[in-house]
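Pasting the structures here.
You will see subunit A twice below: alongside subunit B first, and alongside subunit C after that.
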Partner chain A sequence: MRDFLRLLARNQLALAGLIVLSAVVLLALVTPLLPLQAPNVTNTGDRFLPPFTEGHLLGTDHLGRDLFSRLMYGTRLSLAVGFAAAVIAAVLGAAIGILAGYYGGRTDNVIMRGVDMLMAFPYILLALAIVAALGPGLLNALVAVAAVNIPFFARNIRGITVGIAHKEFVDAARLSGMGDMRIMLGEVLPNVIPVIVIAMSTTVGWMILETAGLSFLGLGSQPPVADLGSMLGEARSALITNPHTSVVPGVMILIIVMAINLLGDGIRDALDPRLRSGALTRPMAATTVRRDGPVPEAREGALLDIRELQTQFHVKKRVYRAVGGVDLEVKPGECLGLIGESGSGKSVTALSVMGLVASPPGVITGGRVDYKGTDLIGARYEQLRTLRGREIAYIFQDPLATLHPLYKVGDQLIEAMTAHGRAPKEGARQKAIELLKSVRIPNAEKRIDSYPHEMSGGMRQRAGIAMALANDPEVIIADEPTTALDVTVQAQILSLLDDLRRSRGLAIIFITHDFGVVAQLCDRVAVMYAGRIVEEGPTAEVLATPAHPYTKRLIACVPELGEGRRKLAAIPGLPPPVDDLPPGCAFAPRCAKATPACTEPPIELMPFAGTRAVRCIHPENDAAAREAAE
Partner chain B sequence: MGSYILKRLLSAIPVLLGISVIVFLIMAMIPGDPATAILGSYATPENVARINRDLGLDQPLVARYFIWLGNMLTGDFGRSFSLNRPVLDEVLDRFGATMILAGTAFVLCSILGVAAGVVSAARQYGFADKAITFVVLIGISIPSFFLGMMMILIFAVNLRWFPVSGMWPIYGGRTLWSLLDHLIMPALALAVVATGVIARLARSAMLEVLRQDYIRTARAKGVHERSVIWRHALRAAMVSIIPVLGIQAGFVLSGAVYIEIVFQWPGVGRMLVDAILTRDILLVQGGVVFVAACYVLFNIAVDVAQSLLDPRIKT
Partner chain C sequence: MTLALRLTELEKTFPLKGGLFGGPRGHVHAVNPTSLEVRQGETLGIVGESGCGKSTLARMLVGLLPPTSGAIEIEGEPLSRADPAAFGRKIQYVFQDPISSLNPRKTIRQIMEAPLKHLHKMGAEQRAARISEIFAAVNLREEFLERYPHEFSGGQAQRIGIARALAAQARILILDEPVSALDVSVQAQVLNLLADLKTEFGLTYLFISHDLAVVEAVSDRVAVLYFGSVVELGPAERIFARPHHPYTKLLADSAPVVGRPLTAPEAKGTELPNPIDPPSGCAFHARCPRASEKCRQVTPELFDMGDGTQAACYHPVNTE
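Here is the complex of A and B:
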């Protein structure tokens, strides 16, 4: 509760709504105590006095009644009726919803059918029918507005109750012999209260509008008593000659409803945990770049050169250093494996290359990604876009989520080409079929018209690969493309990628957590831990004589190379949180060889056994590796 | 697809029956003798006798329902006493005007609402987003009848851009142009609330979709951001927007009652309010059932549109 209030207070708009609403409600409460003129006493001599007339702050209406006084009493009435309708609708709706949800089965079916029927009406028809039957009058209007809102509450609350009715604590209460009634009131009701509050906060403004509306139509409060709606209704005939009599009640309704809506939004945001985490921000077209330090130079000979790359996630006050200065390079036709546990920063590294890290919260804070002499990190969006997919293409994990569910696979393929003006209109479909064939999708002519959900996981992944190949890119970045697949399909995909690399001269960065996969495919491998490269070298050498204790552990986890999926659970402990990295070696807390020197920063990536590098001051297999190198 | 539409149409039958039962029951709540209630000031003895014979009002409730239902199914919605003509004729006359008004408003709020929501989401926390959010807040808080009155005051009375009220000019030809001239203000006033609701929903639907992996895929392909937003994201977001459009159609239809009163538009809504005030019960009953039935059919159309949009729905 305390949290809830604090959240509400932080939302300035909601707070403004709360203050305005409280003021209006307070004024409405004390209205009878104020020295106001009698609201319903007519004085035809003083008709239509303009606002700020002596003795009539807001002027008078068509019968010479003091508008300010009528406004105050009208507000009082409108608020009372609106809130009463909301409470009645909430109580009855909640009762119906809880009954239906709790008993389920037949009861639920019958009740919810009825509710659906009621919701099949445009609400005002129902309200009008009720008023027609009961006759015009404020009380009847209240009944009508409450009644048309009951189904809304009933449906919402039934949904929540169904979820609760089968929880352990309800079962336990039942087993302990508690009566249904007591369970519903004692166990279920407290849990649905937040939903009731949200539903009320979002509908009460609307109910005030509706009762005002019925009064406006002459079906609600009857003269001489007036709520805000009937004030407007009466003023309508004088709209052109004396607009102030319309403006006064109209603006009051607007103020009240707006305040309630602001407050309601605040309440909903505060009670809805999904919004609370601030998760609903959309990633922008390219990752934000905020480089403070100098931009490093590119190295010679690399096709794609990642230098001192730093990518962070800024979540509120926290800074997660997902990538903390990574150096990597691939040469044409080379396959580089990037391996690490989940959360090691390998995917973020890969996504940073083309500015695809979700931003917010992602920010690239340093380094350079050099592709053929262009610094991609500093590139303008349009330049980046023309390179995306055409020069450097991605293959993602889990193509069910990464392919658009509502477009045919063929259309998505064709789009990959047309995005870069690469496809003649007529030939596009043929080219797409060829692409599907090239990734060994059987029956490509048919498959091109399939939707992603109609394909198997392996087929989808092939389609994803075909899409990456659509523009004959120079570099492919494959982010765990086989993780979601079973062993045989995985092997097929890997051999497909290997063939493609050899036949097309592709450079591949292959991201995985599986050393078995690396061994099959990659020339070189880089091991990532807590946002940094801890070891790098030719695959065979690293596999034979791992130098970093972490690498050694990783390899030890692989029972036999190329055998399906493995988890890295065999390493005790967890990687350090990247918002709170220890000084020195990040692996030290889990490392058996750790010495006090290991926790003293910094530990650099040091050359090792000729072509290799390792970030460890007590490397493993030191002698053996050196020997092998010579 | 044909069989899906048929299936949905068949599933509407129980809903339509349910609607007729509900309306019938509400009308049965009228206190006192039904014949006198229906006839009101026209309750002469021979009128009472005639209506009892025609509608079986002296029979038990269940029998009355079936007589009423049977009459309606043969196109006989009863006779309006205040207007002295068949209810169905009057409703059909009026319904056209309501459809023009509500239909235009619905198209307006769908297009404007979705567009505003998309822009808002694409520019989240930017100036456009804040401006749209603010306008939307006013839009969903202002009573449509008040808005309509203010529009009359400003655009008709002061600026003289549009006629004050009505559907056709009092003198002169009934051209499409003169209809549009009369239509613009009421349609806009009617569309405002629904536009706000749709814009809010479209914004959050877009924000949800833009975080999905397939959006990143589209960007990784080098698809232009414009196309990412307006094609990839919007298409997916429409899946959750379309059902709300169906619900909002009901709200537009409801709001039309107020707007028809304010702008003196000769539609069903105004007819219903007049009928309630003159206690013309049969006219209310017939009008409500007719409009509700049309709304049910419209929602089937929405479902069909949804199934066309989302191939994952089994048809």
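Here is the complex of A and C:
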């Protein structure tokens, strides 16, 4: 709630709307207590007095009634009717929407087609018809305005409900013995209330206008009772001669509706989860770079060299050190595995290479990514763009999310090639077919015209790999490319990647959480924990004699096929949050070997057994590894 | 030995949506007639790839989906109507995604109280006592009860999901990929907790997963599902070590194992059969290196393989 108010207050227009509306509502509430003249007492002798006449602050109307008093009472009535109509429409509309969305199928069809029919009439015509059937009167106008707005709520709420009704927590509620009615009220309704509030806040103003419209036509409030619409209607004939009689209620309508709409927009922005998650903050084309320290030198012999890379997320006052100084290098034709649990920073490391971390909130705060002598971190956007996909390409976890759903796979491949101006348009299609063949998509000539949704998960990932290969890159960064796939398909994709790197000399950085995959595919492996590399070395050695206690215990957690039924080892506790890292070793709180020295910073990545490195002062298998090295 | 669960010829087909008028255009066979028995206190693992019908099967077992035909018997009592409330006291479900199985707008206490209130009609005091008891059993602190689901990590949320299933006092739990959304270090915590709870409360588990190694580690017996049918059923320690059905062999060979060189165990680019137009005979024949004419025409039943394993194959591998 406090968050909501803070978000709302940040929007100054909405805040202004809130203040104005509160003032109007407050005045309307206390109107009967104010020392006003009776609003309905006529005094034809004082008709059409101008504003600021003594005793009549805003003048009088055609029957000599005090305009200020009528305005206050009229505002009170208009607000009451508008809000009442909104509440009625929201309650009925939400009820209809939830019923239709929850039951689905035929119930949904019948209800929603009925709602569609209501919507097919122009709203004013429908309102007029309802009032004509019920007879004029403020109450009937209210019914008409509410009825006209029910479809809007019903459709909105139904859409949201359909999504919620298929959520797992609804199934869980069913299994807890809750009936349909209970589920709709107890599980679904709390989740749609924000949507109802948003819809109400954006329609109240509209409903006040509609009520005023009906009253203006003489179908709403009946004389002598005033509401804003009927005041306007009565003043119509004197519009030219005595404009103040129509200006006064007109300005009030303007103020109310403007205030409500500004506030409504603010409420929507503050409540809508899509907007809150940052849909409105457009990330920049490349990650912001703010390096304070000196830029480290590149090492010899590496194709892609990541040195002391630091990437942080700045969210409000918090700083999340997602990547806290990572060193990695990969040579041509080499496959480097980057392994770690969720939140260890492995994906952010990969995305930082090409400046693909969303900014805001991501900031690269230090280090160097050297590719063939160019520092990519400091590179200009134009330069990065020519390298993206052409020299360094990515394969992501979910190919359904990375392929555009509305374009054919072939067209997307061709676009990837022509974007870098490497392939002439004519030959592009032929080249795309060859690419699809090279990733072993059967029937490539036909498949090139498929849409992503027409392909199976394995085929889509192949298309994703084909896209990464389109410009003959030197380096491929694969971020959990097989995690979403079935094992039989995973095996095919892994052997495909292995063939490709051997035949094309590709360097691959393979990010995963699966030791089995790393063992089969990667020459070297780096283990990440809480934003840092804790161990690095040739895959076989690291897996056989892990040096860091974290690596050792993580490997022990993974059940291996063929070992039968057993109790698994577990690591107690959770990784530390990266906005609150402990000093010294981040694993120390979970480590059985931790000593006081482990909590004293800094613990560096130290060479270990020749070709390896470990960030630990009490490494495992110390003697055994030394022996093996000698 | 008492049976916890018996399925007889349980089947589920989904009608394909037709035009505005007229009936459905056809049917998708999600689960072909399947018979299975689960003994009291046993863990039956169910493995299969996406689309093999394992989740549909699980949802039928707890009454979330009505079966097209066939019968479910729980602890000797037949359950004819798909009514989760009737099922709920005997059999419960632990969901794959721990966070989305908890209503974001309810406190953990409200979530935990629902089964106690609606399935067992307990009073407020009784509920509080029962909840503390269960929370102690799953190693959760009671201060968590007043918090909302988004404040929990995946592992904690999954423990809450397990606690909710236990609260219903069901003695059979369907675990639908309970650890696949969790990190390995947390996965082991949850799996060990499940093993402890099983001995403590005498539970029976149906453990559904796509991860062969996890299933092998926790199960007594394993059923391999392919395309809506059980193709192999046998003791966990033998089924992947000495598979009989070629599909089981393919699965076992595909799993990445440390120390085994990388090979694609299958010819390139094979695709799953089309569920709307299923192949005749054995559903696996198009991918199978041992397929014969008979396989293309007649669907094999489960045959006894002599070592406690059953496989639906005319030409099984690894037989003496």
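The rule we apply is simple: the second predicted complex is superposed on the first by the 380 of 630 C-alpha atoms of A that agree within 3 Å, B and C clash if a C-alpha of one lies under 4 Å from a C-alpha of the other, contacts with A are read in each partner's own complex, and residues count from 1 in each chain.
Heads up, the rule we're going with is that a residue touches a chain if its C-beta (ideal position, glycine included) is under 8 Å from a C-beta of that chain, and two chains touch if they have at least 3 such contacts.
Everything numeric in this text was worked out from a predicted model, so none of it was measured.
> Applying the document's definition of touch, where does A:G367 land relative to subunit B and subunit C: first, second, both, or neither?
Neither partner.
> In the three-chain superposition, say which chain, subunit B or subunit C, touches more residues of subunit A.
B
> Between subunit B (first) and subunit C (second), which, if any, makes contact with A:Q490: first, second, both or neither?
A:Q490: touches subunit C, not subunit B.
> Taking the superposition on A as described, I'd like to know which of subunit B and subunit C A:L387 touches: first, second, both or neither.
After superposition on chain A, A:L387 lies in contact with subunit B alone.
> Taking the superposition on A as described, I'd like to know which of subunit B and subunit C A:I124 touches: first, second, both or neither.
After superposition on chain A, A:I124 lies in contact with subunit B alone.
> Is A:G93 touching the first partner subunit B, the second partner subunit C, both, or neither of them?
neither
> Taking the superposition on A as described, I'd like to know which of subunit B and subunit C A:G516 touches: first, second, both or neither.
second
> Using the touch definition from the top, say if A:P190 reaches subunit B (first), subunit C (second), both or neither.
Touch status of A:P190: second partner only.
> In the superposed arrangement, which partner chain does A:P619 touch: subunit B (first), subunit C (second), both, or neither?
neither
> In the complex formed with subunit A, which residues of subunit B make contact?
15, 18-19, 21-23, 26-30, 121-122, 124, 137-138, 140-143, 145-146, 149-150, 152-153, 157, 164, 204, 206-208, 210-225, 227-228, 232, 235-236, 239, 250-251, 253-255, 257-258, 261-262, 269, 272-273, 275-277, 279, 281, 284-285, 288, 291-292, 295-296, 299, 309-312
> Using the touch definition up top, name the residues of subunit A that touch subunit C in the complex.
Interface residues on the subunit A side: 167-169, 171-179, 182, 187, 190-191, 341-342, 440-442, 456-459, 486-492, 494-496, 498, 513-517, 519-521, 543, 553-554, 557-572, 574.
> Within the complex, which stretch of subunit C touches subunit A?
49-50, 59, 62-64, 84-85, 87-89, 92-93, 95-97, 100-106, 111, 114-115, 117-119, 153, 155, 161, 164, 168, 183-189, 191-192, 195, 210, 212-214, 216-220, 236-237, 240-241, 250-266, 268-269, 271-272
> Could you pull out which subunit A residues touch subunit B in their complex?
Counting only subunit A, the residues touching subunit B are 113-114, 116-118, 120-126, 128-136, 205, 209, 212-213, 216-219, 229, 232, 236, 239-240, 243, 246-247, 250, 253-254, 257-258, 261-262, 279-283, 285-286, 351, 354, 356, 358, 381, 385-390, 393-394, 396, 398, 401-407, 415-416, 419-420, 451, 453, 464, 467, 470-471.
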